[in-house]
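This is the structure I have questions about; it appears just below.
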């Protein structure tokens, strides 16, 4: 039987030797090649179909819009060399520069017209950016909601290099809206040459005119690569050779990937951030950036299969909101630099065009409605119990189990804090997928939900617009005519042309929301990024495009 | 004096079982002359098949051989005589040179002795190919010829069949064919016919006798059935609780048994004339060798036991050149004890029959 | 006679007693008919004696009993509940600090080795297994989790025994049309992805351990039925089966009385191996939100939580994996012991 | 034998049809919708469902689904996964990865499992037996993804022998670690079963006869012991093969392998439930499972003549017995 032992030992040693000669792992530090981490799958590269941040990032690497984001998020000319605006602010004429697609075809105004009108023909997630609530492009509402002919959209290519866009009402942030992927151009001839649904599913069915070319990609792939585009119109400012994206599921694994320098940019969360802070060398690489989206609790104010309707009582909601210790949430559970938030609009994302200061810079503005004050919470709770005539409540809080480890921790922390501060309230936690959670919230089949909202454009309206009566995201089904009136004025009414007045009115709207605790803001998510030494110039943004590499430099 | 093919000298074996050490063999001596047939008789659990498995070198892993030697004399391939002690040889050497080649064995239950997933032909040819260096073709021919020799009809078809398609009797014939396939010098049969019905039993015994005469094989029978012993054996060893208690040639054991245990065995054998309504059985059951044995192991069941039997173990008393028995009754100081009446009458009848058979010859 | 005669063999032969004349007298006054050696035992009594003689099996049983005891009393040994987040108000920073992600923190031992107490905020707290990343005591959670996982383990054994084994044996025994029909049912049952089955169950059942058990009931028995069927096919044509059939035994009796004891080997091995799979299935279902609700936990869910910080906080995954390993070791030893006891291999006598 | 296989294939097709129908219904009953959206209004979602034919009655939808497969051979487009990427482009690539790595894992698992099991059975009680028991306990308790992280931490980070992530260019080298970690469970199961079965066979009479015939060592093991022990071993290996090819979702997620395990989980728990992907993957999985189970039954017959003979149905079997009866004596 000794034969078997010899055979086994031989087998194991052969395997080890074979692997030694196989290859030392591809180290990530030749010249300008960087390895960047994605936390989730890339959904699609078709600018019309893409819905998630990672997809936008790769699309923006390969395709330019009319404008681009500079370091602080302002719109700078890209494919549009310059543009002029009519006096009433409703007509934009963009003058395109000479730029070429990766198949040699020139980029023309017709590409933009084709792309936008193509968007109008399908039910897409981001079609709402065209309608009067955001971009207010002429006839967009009629096409989207009344079935008008897509050709009537207010966009016309006057000639190869000039594009005219007409708006229903002047939109102050319109240029910054243009760097959002939904407004990028698509070459009609190439699009129609691909099979149905084939566009954007591989490097051969995708056309680039941006800083990088798509080199390796398959839908749902775990790793993707883009390489420098030599004939990009601004090629000399791009110094990176290639970017390889690697989908990494767990934060622990991301940290190991970074430490073994298989990742140059990695996003870590929770305990890994704590571990990085303890390690002096590693903490130099740590760079906390605003992720832009705000986590908050939304309460269903109607009686439905999951809730007894007691949350229609504002005092009860205020009690819960004030029983939550947001500093402890951020310090002990999220721990990745996220900021406790006491306002309905998250800080660090929307700055006033005139004064330049952040809309939610002052977090104590609504201190008397929202904060961590157990006594005040008890007062609200007693008032609520008196009004409702009940002294014990059971709520089911739904949360997503595929939206990050910290979400599960926050849910359990809130349960502990609220049950600790307000005896008589029991919160049952119910995990489900994000999609299932959304469906339950949209069908008003929930009681309390831990949810989030990410801004699509740099204006407070992306948040405050959500709580108007009948809005798809008004999950509490709250209706307040005074609130609706203010929002109406800001989008289409008196304040449209008067910037400062609009800015002040938005504050009033925010106060209404917080006074009745329609939502209980918790924290604004930040990303704890680890960036290899020697890699500078990567621009991080909380809105639209998370990371832009155009001006990044990587010196060994 | 024909030479002794096999000599087992005071073999002593203990088994380590989960319940503790079992002292199964307590000093066994067996001799076998070339060409003769020896029977080893005893109740089940007396250690008969353990001795033979030791001789074959296929003992279980948990056996410890405390002492003893097994001398085996045979002629090797080049024809010169060899004498070895099987206990000293390592397993691999025994498998290569002795098992199947010089000593072969037949087991009790034909149902499970053949590999269920292998054709009869292959199982037959395996031994020959390995020991006699025949190629497949030659082995196949010899196999068919062997099947014919052991009395199997239409052997060519049987070669391709599987064990479960044959009856018990046929399977035992095939096991015999396998055993003699390499012309062994010694054939050990461990209760070959116990699992078969009487008519087939007689055929199998005749077959073994015929093969023994044709090939000059010496045979050891292990059985608890005295009827079989009477038909085939030249010498008989009566075994009880791991020791040989009486040994002698066929006449001495059947007509002048000396050991009370042999008396018990003989009177327990049913035959036509017994008028006693209830068949005589030896009371009690064999001792559990987990516990040490003091004195004569048979004493607790022996109606003729003496006081000394529970004090010391009786040595082997010589009755004649070939007849020995280990019982204190043969000691001169012991009181004169006769065989039970019933047994004396039966032996007298057997003697009369034997003379009349001899007369007719 | 001494109960266990450990003396070596040679001693017994030495006491050569020299018989004297008066010994040679018939020793008549003895009852030779009683049978002293092989007192007859009932089958099950025999199984128990054989089982308890097997030291490994006993060790296995002891481990299982220990784990059950710890699972019951473990959580109550200290003052923390399985969901209490331990936190302390820190004067300097004026903030509430939770005892999150602390390695094993035993003041008594620490004093023993280093001679002085801990100096951190939680000096007087004892966390034998440390705390999880929320600040809850892992000792309490591991033993609380052990309750759920033990329940799952025994449920699995039950499912394998009752559903899986009998399905396989029946399917194998009857063969022909019934066998192919039952096998097609197995193929259909096994082809529906577990997530789909669980999703559908969740629509009309209340989520919780009950739903997990029903899900296991629907999916976990297939492996066992395959093994049982294979064994049955092998043994179906043995003579003794034919024999009992000729004696007029009904199929049920043959399957469970004649065939089962002889197929007990692989069946018990498979049973032992289906336990960890079931425990991890429960953890997966709890993660998906269909099994036990947070902050409850099971050994499987603790392993998954520990997995999230495996390289930075390895101590978090160690206790649950060790408990599972010991449980599995114990179940395997007991399984082997049972297999030996039920169908003892007669050691060559 | 050929007739038996042909009959089984027909049954397989029928079973597959039933599975597809059942899966089609079950998926639609499940919570979670095929078009999750935070921004689109209810009407827009309704229109999208209509586009995909979800507003028609279920039976009509099923009819269209089957008609589409039969006519175009494609499984159609996804609804939400990868924003509706066609299955024909995504599935083959994922299948390729999963089958290659699963294949290597099976070789590791089954081969090393068998060798360990044999070594343990032959050295009962000695080192190899204890090693095999301990390995099978560890192999079963430690989930494959924990072992994967262990391998990745030590053999791709501390000692950079293997690439840290899976990449197609160095296919073989970067699939050793995932295959090894996936094979851990099957290795220990196969080892355990092989040891137990062989121990049982080694006590049988025909092995004793084989030894008394002079057989020893590898010849004895392969020709007599292993063949008889294979039936339960093969029965354990068959489902393991299917699990390895399709069940490696967590390892795929960690090591960045775009396989069908990850695809199935994304299709159900990713962006809502993607009916077409779940169906396509369900059909793939059941075809694989039914195929391997058919193979298993065939192997049963090859391995064990007793089963092959009893498979001969009614009349022929009774004839065979009649012929043998007279020749028995």
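Chains: A, B, C and D, in written order; residue numbering restarts at 1 for each.
Please note the rule applied: contacts are C-beta pairs under 8 Å (C-beta built on N, C-alpha and C of every residue); 3 or more make two chains touch, one makes a residue touch a chain.
This one's a predicted model, so the numbers in the text were calculated from it and none came from an experiment.
Colleague: Could you tell me which two chains share the largest number of C-beta contact pairs?
Modeller: So the pair of chains linked by the most contacts is A-D.
Colleague: Taking each chain's centre as the average of its Cα atoms, which chain lies closest to the overall Cα centroid?
Modeller: So the chain nearest the centre of the shown protein is D.
Colleague: Where the CA atoms of chain A average out and where those of chain B average out, how many Å apart are those spots?
Modeller: 89
Colleague: With chain centres defined as C-alpha means, what is the inter-centre distance between chain C and chain D in Å?
Modeller: Measuring from centre to centre gives 25 Å for this pair.
Colleague: Distance-wise, how many Å sit between the C-alpha centres of chain B and chain D, to the nearest whole number?
Modeller: About 53 Å separates the centre of chain B from that of chain D.
Colleague: On a C-alpha centroid basis, what's the spacing between chain A and chain C, in Å?
Modeller: 48
Colleague: If I count partner chains per residue in chain B, which residues reach a count of at least 2?
Modeller: Touching at least two other chains: 164.
Colleague: By the touch rule stated above, which residues of chain D touch at least two different other chains?
Modeller: Expected reply: 31-32, 149, 153, 217, 269, 273, 304, 306, 309.
Colleague: Residue numbers in chain A touching 2 or more other chains?
Modeller: 250, 252, 256, 432-433
Colleague: Hey, which residues of chain B end up touching chain D in the complex?
Modeller: Against chain D, chain B makes touches at 56, 58, 61, 91-92, 95-96, 98-101, 104-105, 107, 109, 112-118, 126-127, 130-131, 153-154, 162, 164-167, 169-170, 175, 178, 199-200.
Colleague: For the complex, give me every residue of chain C touching chain A.
Modeller: Residues in contact with chain A: 83-85, 87, 95-98, 100-101, 133-135, 207, 287-289, 293-295, 307-313.
Colleague: Which of the residues in chain B end up touching chain C in this complex?
Modeller: Against chain C, chain B makes touches at 12, 14-15, 17-20, 22-24, 26-27, 45, 47, 50, 53, 59-60, 62-63, 66, 111, 164, 283-288, 291-294, 299-312, 328, 331, 333-335, 337.
Colleague: Show which residues of chain C lie in contact with chain D when the two form their complex.
Modeller: 175-176, 180, 183-184, 187-188, 190-193, 195-197, 199-200, 202-203, 222-223, 226-227, 229-231, 233-234, 236-237, 265-266, 269-270, 273, 276, 280, 288, 303, 307, 310-311, 317, 321, 324-325, 328-329, 332, 339, 345
Colleague: Flag every residue of chain D that touches chain A in the complex, lowest number first.
Modeller: 31-33, 36-45, 47-48, 51, 77, 80-86, 89-90, 93-94, 112, 115-116, 118-119, 122-123, 128, 149, 152-153, 156-157, 160-167, 170, 172-173, 176, 217-218, 252-254, 256-258, 262-263, 266, 269-273
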